[in-house]
């Protein structure tokens, strides 16, 4: 009866902000923080880490492609395992040192956007993420989606796992997210999202839109941090889970 | 009778190269490698580290300002201690993880260009460099110029020191480098540079252009890596020091 | 009895926005649009231009230093006239072509932030701005502050001038803006700002905090676009000026 | 009996150089100069333009993807016509103003690397290039490969054409370049390249590796500027063509 709520935060850059990080940090228990490649810069990283430390929210690196203009959401054709090792190691390593500066040691790594998508389907690229994480610190957990290549890679690499589900997204039969452009991909109603999350976490299984079921030890629920409704969704989840008797706490550290 | 020779290498960026890193790595015993802010990118860092590992050359982070166009040589007005902590921690942290990927652990940190100049004269900024290094790894050495703020900061922070002199530059009475624009600032003749280096290292003192002397335990001699004459100068130093009975070896690791 | 209201808009970058451009474009008659160096990117420029065209708002280039992280507000030590020519010509030239794509030809150039500050005091640098503008298109107007080096440079270069005052800022005795850090530098009350603007525009003179007066043919009033109160301030000015019988219209084009 | 020789130059960035631009500018009659997205920066552009002006070499914009690390050679998945209009208009517009600053007006536009490849096969994207060029200046010529989408787009747009062949590359049956990874794609022997060029230019037809022939009015021969053998190849072509009685001169301007 214990569950983590995580969100992607620290997604500003220089003078620009995205979402309401301070409000989100009052609701989530784990923050995945951008590392300067698709968003974030050293000062934004540090300030976000300091806010998290004050609230006891665990922090981890959220590496992405080096693509500020596209926010790391543009696929990179022909990306190699070596490039992904480099991207993850560089950003996770930078993150570890910034977290030390902020007085709040890092707990985990979760990949962002198109980098995450490239690895979810491809065992060789997912293994590259795991090697990048191990190069930064083999004690870091790897946040993965159950049933995908990232879960298998984390297990092969002997890394600690944080198995997450998405509060507001549905799953295809391969247990990847239904693409946003498809109808029913995104759940907008907080009550519906809460009910889904409690069912999946309570029963320890993920359900696909095609009716498939995957048994999974779910550690964390991901909520979005960058949309107008993000704070309302996170609050509904947090309050609903606590009202139902769940302890909401970081999966690792915090 | 033991001395290190260090050079700033890995100063390419993407498709561009600078200097002849492979030739330099056959001559120096320590390489300071750019970290992606004033030069370098993850793949260039890794390739340079791999070349260094094959030759037993020690590697360390060479952080600079985020200024590719100006190669980190443009002063940044009003830079704060916090910004410098961020710059050094971020880059040194990234470096540590990349060095693990390359199978060749990092030994030290040396600041680059205008960032280095800002810290050489200013104790508060030099302390910020030391805090940035400690955040990345308190076991890293800090490469400093004897008699400057960096040496004092490294000592206060309890970091291991690599005290270096420059083979081809003269010193002002404050034991900072004579600015390049002044006559006599740069020594072009390898034989003259070698004689100077052997005198300073042998006698354990640095001499200024004004005739001042500073007693110093010199660990390393810095040669430039990015000029046409760099390889010839490094070869003259290496061969001259070895011919005179010196053991040329990395100050730390290698 | 005719006056322009201008604001700096299009200051987002990639996924990030700044201020409420659509609301501001309903209130101002001229927009100075960032060109990709301190803010903006080709698509953000074009979208902002398209919104302006739909509303009949004149558009001009707002070039700045190549400094996204510092939003072009960090002084660049030792910047040369040649560098400023390059910065202005490159950005204004790019702007002209983007404005053609957007179907809304450009009317003027106004410098941004630290680039603007460098030129306000320095005739040689202000002349460099004028040369950069002329290289892009000698028919473009140059937005200047009366009494400063930019006004003199525009006159020397034979460029059309847009003489502007700031609605919410006070002036020192040299008729540059009082630095923000000084008390009384910024006027927060829209009613007070409106009264000031009507007095200065109506009487054709600028008043300094020290009581000096400068006769000036004022063409435009600048309001900020990036603060929470920006829209309220712009609305108060527009409505107040129109209620007092002023025609609010672009200084050039529109 | 008149032919142009063109090369891609100005491909340095900040402190980094690529190829020997000064030597190449003594041999070619048209230079395609990078515009700051895949290579180049305002000062590098201007310096290259000034060198070209001194030698009477025509200059044009060489726009590419915004990808310094990949030198504009990485394909961009899902690039849209609107993005390509933006990329071409922005860079060509900036180029025009920089060329005015350098006192050497621009004559043409030629796309670079992966941007060029995307347009060679796709009429909608090639039309987008033409619209971008027209937005910058409808008097600019568009450098195209005969038989490809770019030639058709330039004709539809009413732009002046510069039809080019490659001196050191072979053609597939669609009259695009044979991919470099295939055997026989690149011709390394200057004598062989010269013979090929003289045959194609003299007979007014391009031959594919599969034996197909395309009649084409060839205006220009492209030589590479960034390889070690570039200068030797350009010299062999220039001297060979002139010895055979050809007048080597810019296709437009110069």
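In order of appearance the chains are A, B, C and D, and numbering begins at 1 in each one.
Note that a contact is a pair of C-beta atoms (placed from the backbone, for glycine too) under 8 Å apart; a residue touches a chain by one contact, two chains touch by 3 or more.
Note that the coordinates shown come from a computational prediction; the quantities given were computed from them, not determined experimentally.
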{"item": "Each chain counted as touching chain C and chain D at once", "value": "A, B"}
{"item": "Homomeric contact chain A-chain D: same or different residue positions, threshold half", "value": "same"}
{"item": "Comparison of B-C and B-D by number of C-beta pairs in contact, larger one", "value": "B-D"}
{"item": "Separation of mean Cα positions, chain D and chain B [Å, integer]", "value": "41"}
{"item": "Computed distance of Cα centres, chain C from chain B, in Å", "value": "45"}
{"item": "Shared-contact residues (touching 2 or more other chains) in chain A", "value": "69"}
{"item": "Contacting residues of chain A [partner chain B, same complex]", "value": "36, 42-43, 45-46, 82-83, 85-87, 89-98, 100-101, 131-132, 134-137"}
{"item": "For the chain A and chain C complex, residues of the former touching the latter", "value": "12-18, 39, 41, 68-71"}
{"item": "Chain A residues touching chain D - in the complex, by the definition given at the top", "value": "66, 69, 74-78"}
